[in-house]
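These notes open a run of structures that come right after.
Both complexes below contain chain A, partnered by chain B and then by chain C.
And now, the complex of A and B:
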């Protein structure tokens, strides 16, 4: 009797689950936007919530390349960092308004991606990760040495934006809740943009190249160009994330460019589920919440990160969201 | 004056070769592992750092330098065996990215474990007594220890060459790099070969770390930059080519020391410029990817 009721309930819930997931797939950008608007109501600290948004956006940008195109880059810190530095330099050295600084941050990500992409795309597969890592290390040294512009080892300080002026409105950027929603607004715009790109013919081409390069080529697609353009698009998202980080922290630490930051994007994607729309954000949230929690008890947080990395690769390669999606399909 | 400049250049050339020797040891390990297992070992820098720390620990406990020179590669090699057997082996056949990601995570753990046991700050390491001082090498006085690093690398290279070219196990290794499928069909236990090759590669990284320790001291983060630099060497030389690793390693070492003579602030960027040029002109590197030692 008990068994009977169990079997009659099980398909029902999985049916509902599947319905929800296909709804989530169709309305992915709206759903994510709604969540980001409600998120500060449940998050413990607003500053942490903003960090989750920024790193989620960064991981999202990385996921375009890794998850959707299937290229593993270990140089994304250069795109993120250049975005942050361009935004910071625009404010501290040139006194530009915040919106111009953000636009320059996006441009920084695009330029860094174009430079690294043009070289790295020439080699593929296993070389790609090595070349992107080496080139990002090169940019790290360049920014490190340009002390007059970047502050070198101490980072770029004084990226202060106190009020956000928009169409006659003055928003108090020091207020944590306003601060959060300003950042969230940009992240939501980015989410809609990404959703649109993925749904476009170009989005289909990206996934086509990942699935079979030979078939894509036979269909008349310029595979090298698709890879380059995708790298640059990824750079725009990462550059925006970097620029938002500069505004959020009011400082650009040199660690932003370090290759550990590239590893962070890989980790967040892997944890959340690569090649899924919500995965990078879920990964960023789990990672940063865990970091905050574990740091209360030990300074050796990196040990947990390394172990989690290994565990994910060995036992959990689809990540949290990817596993949920897969379970619902079977 | 002209004489002095020439002398300076000569000395700097030797400094570059000594630095290049370290790159060669690291890049050969990376290349050997990649050539056989098609695994890019992102933990290679961590094994290098661990070699330096294990060496430091041995020296602190009264072991002499020469014994450490034998023990360190064995210890790091043994750790490599353990890593391959337990962590990397389950990932064969699951795509090239997975072992790479796994070794990246492993490098985090190794670095943090070293911080747990030795702290965040670095230590200087004394040059062994016999190797202190400088000798006249024709163009001027050159530190004896750096000469020793060059000599030790030559000995290791010759040993490796004899091992690969003159032993039956080396024959299997070379054949396995060309076509693992055929080698397996011929009844060779290729899994065991892969295991040992991984151990040799990590052992060489450990040895390079120990040799580098008296030159620059040890800190937990020392493996990061050198990992990126050995990637440059393998890309320039051609992945999977041991000859490429030797030539490119020495070249990169000389480029670093020469730029630090003329434009010190560019010394760390120069090799990446070199890599960019090679990628533009010859994306597969100097020696492409043919079989081992060819």
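And now, the complex of A and C:
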């Protein structure tokens, strides 16, 4: 009898798990929004929570190209960084309101993506990675040298936004909780937009091109154009993330453009699960939490984070969320 | 309508490096009939086939579709004009379900870059995909990923995906490759049924298989046009007999 009940419990719980996961898939944007609203209640520091949002959004933008289309770019720091600089310059040099600066940040990401994408999409695989890396380094030096505009190696300082004015409300952006929720609001909008794009006809086309380029071509899909448009869409998300970073930090460090930051996006996606909706945020959270907690105790935090990364790749070959999804399917 | 020509090649050649895979082939393809391209392995059939559907560009020569010069256009433009191929080696969207494979191919006629509407709202496409799956006998495999289908089922899905593009001209490269005799018979029946509504160009190296269903045959050998004609003429052609002599499965 005992045995009988034990065996009947096992499929029952996995059934429930599968039910939950398919629910999570259908209501992915709502679930993510709910989580982000509750997140500061459990996160150790509000500023860290905001960083997780911003880098999560950046990794999410990267994941559109990497996970969904299947192209590995090593140049995404340029999209993220251009977004940050456009937003910062709009505020420091032109005194534009915060919302216009954010919009310009998105535009910056789009323009950088269009420039890099137009040159890179004719190549594939390792060549694509190298071309994107080279072009992003060009942009890095451009911003590095344009000291009058960008502050050069000191970074662009003075990106100060103290209050957010919205429909007659004056929100105190210095208050950490308000600060977090303003950023969260934009990330949530981005999540809904992405969810919608993935569910759209174009989302289907992206998957098709990833699955088989030859088949896509034979079915009438202009593969090069799909790649380009996806790159630009990815740039819009990364540009928004960069703009939010500028507002959050009140400064744009030159490191934002550095290729380290490109590697970060790859790492976060692999940690969380490439080609999954929640993966990039989970990856960003794991990475930043580890970095912040471990660096409290030792200056050699990169060693520990590196070891954790290797362990993750070994035990969660498809990333944490990706592996959970896969286990539940079999 | 037997005189109506849908596709025509003028003196097309294809070189791969130093190899002349195809050498100055001129031929005409009549509308609404089955034309088969035959020849032993390595004759250049697949190369010619890929020129006809735009997957390869000719090194020289001209291709005309419905009287229009289409030489050198990108392949997706061929597909939009109604020239659609199936692959000799099954090429599907492996992780996507049978239904999504067909639906996506159908979708590209309607929209590629629409990022806002939910794809489920394109109801007509869903129904069309289900209809085509039934037609090729895969209705019961609707939700299974293409990668998990049996070989014969994948070949049928390959046809279904091609049909979803609503081709005027359907090109099939060895559609029965690797199939059991039973599956082969079913595939041949299907092809004959499909020919009632569209032009079909069929590539096959087993001559016997296509003699019965073809209206016209084109024989390639060493990259050149060896002979063409109605099945009865080709059967009696001395050159063709010689080429196929000594081949195991003709």
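By our rule, the second predicted complex is superposed on the first by the 312 of 330 C-alpha atoms of A that agree within 3 Å, B and C clash if a C-alpha of one lies under 4 Å from a C-alpha of the other, contacts with A are read in each partner's own complex, and residues count from 1 in each chain.
Simple rule for what comes next: a contact is a pair of C-beta atoms (placed from the backbone, for glycine too) under 8 Å apart; a residue touches a chain by one contact, two chains touch by 3 or more.
Predicted, not measured: the structure shown is a model, and the values here were computed from it.
J.: Have a look and say if chain B or chain C is in touch with more residues of chain A.
T.: Per-residue touch count on chain A favours B.
J.: Which partner does A:37 contact after superposing on A: first (chain B), second (chain C), both, neither?
T.: Touch partners of A:37: none, neither chain B nor chain C.
J.: Just chain B (first), just chain C (second), both, or neither: which does A:185 touch?
T.: In the superposition, A:185 contacts neither chain B nor chain C.
J.: Considering only the touch criterion stated at the top, classify A:24 as touching first (chain B), second (chain C), both, or neither.
T.: neither
J.: First (chain B), second (chain C), both or neither: which does A:207 touch?
T.: The second partner, chain C, only.
J.: Considering only touches as defined above, state whether A:229 meets chain B (first), chain C (second), both or neither.
T.: A:229 sits against chain C, while chain B stays out of touch.
J.: Report for A:294: first if it touches chain B alone, second if chain C alone, otherwise both or neither.
T.: Neither chain B nor chain C is touched by A:294.
J.: Given the touch rule stated above, what does A:123 touch, chain B (first), chain C (second), both, or neither?
T.: Once the two structures are laid over each other on A, A:123 reaches chain B alone.
J.: Which of the residues in chain C come into contact with chain A in the complex?
T.: 53, 55, 74-76, 79-80, 84-85, 87, 91-96, 100, 103-105, 107-120, 122, 161-162, 164-165
J.: Show which residues of chain B lie in contact with chain A when the two form their complex.
T.: Those in contact with chain A are residues 34, 38, 40, 42, 87, 90-91, 94, 96-98, 100-102, 104-113, 115-116, 224-225, 227-229, 231-232, 234-235, 239, 265, 268-269, 272-273, 275-276, 279-280, 283-284.
J.: Would you tell me which residues of chain A are touching chain C in their complex?
T.: By the definition above, chain A touches chain C via 196-197, 199-205, 207-208, 211-212, 214-215, 217-223, 226, 229, 233.
J.: Please output the residues of chain A touching chain B within their complex, sorted ascending.
T.: 72, 74, 119-120, 122-123, 125-127, 129-131, 133-135, 137-138, 141-142, 145, 259, 263, 266, 270, 300, 302-303, 305-310, 312-314, 317
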